[in-house]
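Take a look at the structures listed below.
In what follows, chain A forms one complex with chain B and a second complex with chain C.
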Partner chain A sequence: MAFDQQARTSDVLLHQGRLKRVLGSCLSWLYLACIYGFIFLPVAVLVLFSFQDGRLPVPPFNGFSLQWYEAVFADRKLTAALANSFLVATTSSVVACTLGFLAAYALARYKLPGSALQRGLLIAPMTVSYLIIALGLLAVLNTFGIRLSLWTVGIGHVVINLPLCFAVIYASMGDHHINIERAARDLGASDFKVMTLVTAPMLMPSIMAAFFLSVTFSWDEFIIAFLLSRFDVTLPVEIWSMLRSGLNPKTNAIGSLVFLVSVAVLLVLELALFGRSRKS
Partner chain B sequence: MTASVSIRNATKTYGPFKALDDVSLDIDAGEFIVLLGPSGCGKTTLLSILGGFTTPTAGSVLIGGKDMAGVAPASRPTTTMFQDYALFPHMRLIDNVGFGLRMRGLPKSERDDKAMGFLDLVGLKSAARKKPHELSGGQRQRVALARALAVDPDVLLLDEPLGALDLKLRRQMQDELKAIQKRVGTTFVHVTHDQEEAMAIADRIVVMNQGKVEDLGAPSEIYMRPKSLFSAGFMGEVNFLQGRVREAANDSARVETPVGTVVLPAANFISGKPAPGDHVTLCIRPEHFCEAASHSAVRLGEAHITSAAFFGTHFRCHLAPMAANELSLVAHMPQASTVTPGERIPLALDPSAVTALAAA
Partner chain C sequence: MTTATLEQSERRKAWALVAPALLWTVAFFVIPFLYMAAMSLWSRQGRDILRVWNLDNYARFFSESALLRGLTNSLEITLTVTVLSVLLAYPLAWIIAERVPKRWQRMALILAILPFWTSYVVRSYSWLLLLSKGGVINQALLGIGLISEPLEIASNRTATVIGFVHFFVMLLTLTIYSNLIQLSPNYRRAAADLGANAFQTFWHVILPLTLPGVMTGAFLTFVLCIGDYITPQILGGNNELVLPQIIMLQIGRRADFPMAAALSIILMLAVTAAYVLCARWLKIERA
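On to the complex of A and B.
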């Protein structure tokens, strides 16, 4: 009898436990949906209304059309800005990665005076707002009489991306690489060959990660690009000047394209680099 | 190729700490030398000095008769095989092995041929196009060996190369290392803290402790006639028995110990001719206790077996001699014997195998 009762209470407890678990998992799913909704809804709306068959990128959605994408590619200024953005992003990222790698190599492998301070100084620009950096650069460029151009935008992007590249690459330079470099030197490699044939290839996953992150940051960057450019402008600046004349599905279309490029870069990063390093 | 190595009064200090304390050592061309000692004994420092990665505070190193002062690792006729293999992870095996040749400016086809030859030497020819992460520990080990040998060094320096392998693989690699060394004839200087490994591969062992050379000689010499208490203890299990010389003749001496009196040949006294009154420490290996019936045995009364364990080739027993109950001796008893703890057995030893050192 007592046994029977015990079995029944444990049954009830079991039932309550299951209910709690189901409720708990429902709430977690809801939470997850909210978070992703919060992050991606604006982008989804942007992409959706880039296909708007009408003059205004606001509800209701009138129908599917590619006319705004056609308009984007027909727009000389926009395509020029697209090419400019691409040029600035890749060039400044190559420079930032190279400088970041060299700095990381020096600080990780040699005893330098005040190395903690130097590391701090290298990373410090990360904490300064882009506006301040742009204003500072503007003042400097003015002093030296350098005209604003895509080059100056590139310089600005190197300034903001160098700390990132340095931090990413420095973090991946472990002590376990020291013996490998030693072995290379022992087998007759000069310092330059050690760096180019052994160290850089070994760190390639993190160097590429730094490169692609830096490309996406440069691709999106507005304030520096706006303040340090004049006639040739990058895409975000061109979009901004389009927005001044009001909302237009064309801006949605170009925004979607920018987003597509960022996603593509991230996918390349994930598949080509992180996927491979996971295997090894 | 091969070359002799001569280390003269090498000293290395790090602040107040002496990692290497006035070490002198001559290694013949083509010898397999093992530097043996506990961690921190200076063996790796010595290897690093030979390789040129560390500069000695004082003293000099000659390789093939040439002074190596100021010569960079790359310019020395040495290569080092590192403990963690230090293979280039992004290169195929053939490129790993050919790296040193590439640095010497050999054209690709030639260095690939040579690299293949060395991969063949270590039995990995078929894996030439794999990358290091696809290999097991033992295979990586072999690639590291092939890579170090490919540049044809006079002296190969091996820094605990077998430390990361499991026991069985380690024994197998020891045999391979020894065989390859015989084939290529290069001088090998090998660092380890495993005395069994040292005995398995060395032509001569250098026992080091606290930055100094404690003992030097062929494995059997060091095992049977250790020149210091440290060396005796490090090379394997040993019983130390304090004693005092009672009488000394020309060719033998009588030593009084807590368990009885032993007559030892004078040659067994490492620190020189024994004189009456000398305090000595007798080093007795567990296997040198023997049956009382054998004719050369010296009988030492009886002993209790306090514990025993079976080790396959023998029983390892702890004995408490009746004459000195506070002592605990370790003895090996034959595989076939029956051993029961608490049993009383006659204690005897073979005096020719006993070494007498000056008491510490």
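On to the complex of A and C.
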């Protein structure tokens, strides 16, 4: 009797538990659907109306046309900005990665006085808004009468990316590499050779990660590029000046292009990294 | 060679390696920053800068309501955005970590942050497509007859907040998810063994354990949000200016560099205050 009742209550409990779980997972999927909708809505609208056959990227959708993509490729200023962005992003990232690697190597392998302070100093720009970094640089450049150009934008981008590159590479400099470096040194390699032929290849994954992160940030950075450039501008600044003409399907087209290219690069990186992690 | 001289030459080598990075940071970050801090104590006269030390800019900031409103607008918007983003991102990260099958989690996460890869300027612009008077949302609501006049949802604070939340939900989902999957399942098992139900387990065990990660993400959101110029400028219009917009006005139209410098210092102080307030929860990785 008592046993029977117990069995029945546990049965009810089990049933309730299952009901709760089903309800819970229904709610989960509903939430997931809603939030993915929220996340994707703007991008979907952006891409859809880049194909608009008309002058306004708002409903109604008049039909499919590639005219705005043609307009993008015909726009000299836009293609020049694209090239400028590429140049600034790669150059500033190479500089940031090189300086970051050298500093990380020195601080991880040698005992230097005040090394905690040095690390702090190298990381410091990360904690300051880009706007403030840009304003400071602008004030100094103005005072010295240095003209604004893509070079000054590049200098600014190294300032914001150096902390990142340093931190990523420094974090991956484990002590387990020391023995391999020592072995190389015992076999007669010079310090320079050890650094370039032993340490750098061992750290290549994190150096590449730092490089691509840095390229991404520089590529998309607006405020430094806006304040520190004059005639030659980067892509975000050029898009910014296109916005002054209001809603325009051409802006949709360039935005969609940037999106598709980034996603393609991301996929390639993901597949490459995934492939490597499976092998090892 | 004695050990002393060996050590000396080693040390010289190390300095040579670290010097370029240090010099770059000092020349293009520390000096400009100090110069700007000094400039905030000077004043403008016409188009020239008068190098007389005073606190006029800061006094003006606290006496001119238009400037002070910039700070309060910034703080209000940033806090709203930070809280909303955490509230929306946490369940998403939790569902991905707990409910989505393991092999689909990576895909779900990549999808959740995919729009991250559009250009930042374009992302704000695409919200304009949705929110403007003739935009998708208004047209849809008009179409199904819910409203008869287009709503004014662009060019105000709501639009700024929506644009920001969209960006930071993606960022926070990433940080919170990486926190959740690092938790050992043993915590959950132990809590269940001790008789805690799912909610109790979450509230007393999972949430406190992920709090440092959440706070780090929230702090990052705060810093990036309060310093951003683009989103409020594109989506917020010109009615309720935030601090970065006012700073840009100073160096643009008014050519008042000292005032812009003072406002930047105030912006930095706001970030520092936020850091001090949540420092004890912050888990900033130290190598």
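Convention: the second predicted complex is superposed on the first by the 257 of 280 C-alpha atoms of A that agree within 3 Å, B and C clash if a C-alpha of one lies under 4 Å from a C-alpha of the other, contacts with A are read in each partner's own complex, and residues count from 1 in each chain.
Operating definition for what follows: a residue touches a chain if its C-beta (ideal position, glycine included) is under 8 Å from a C-beta of that chain, and two chains touch if they have at least 3 such contacts.
What you are looking at is a predicted structure, and each value in this text was computed from that prediction instead of being measured.
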Superposed partners chain B and chain C on chain A - clash or fit: fit
Which of chain B and chain C A:179 touches, first, second, both or neither: first
First (chain B), second (chain C), both or neither touched by A:224: neither
Partner chain(s) touched by A:191 [first = chain B, second = chain C, both, neither]: second
Partner chain(s) touched by A:102 [first = chain B, second = chain C, both, neither]: second
Which of chain B and chain C A:168 touches, first, second, both or neither: neither
In the superposition, chain B vs chain C on chain A residues touched: C
Chain B versus chain C as contact partner of A:204, first or second or both or neither: first
After superposition on chain A, the shortest CA separation from chain B to chain C (Å): 5
For the chain B and chain A complex, residues of the former touching the latter: 51, 53, 72-74, 78-80, 82-84, 86-91, 99-100, 103-104, 131, 133, 147, 151
Of chain A, residues touching chain B in the complex: 176, 179-180, 182-190, 193, 198, 201-202, 204, 280
Contact footprint of chain A on chain C as seen in their complex: 10-11, 13-15, 17-18, 20-22, 24-26, 28-33, 35-36, 39, 88, 91-92, 95, 99, 110-112, 114-115, 117-123, 125-130, 132, 134-136, 139-140, 166, 169-170, 223, 226-227, 229-230, 234, 244, 247, 251, 257, 260-261, 264, 267-268, 271, 275, 285, 287
Of chain A, residues touching chain C in the complex: 25, 28-29, 31-32, 35-36, 38-43, 45-46, 49, 56-60, 99-100, 102-103, 105-107, 109-112, 118-119, 121-122, 124-125, 127-133, 135-140, 142-143, 155-156, 158-159, 162, 166-167, 170-171, 191, 220, 222-223, 227, 235-236, 239-240, 243, 247, 251-252, 254-255, 258-259, 262-263, 266, 270
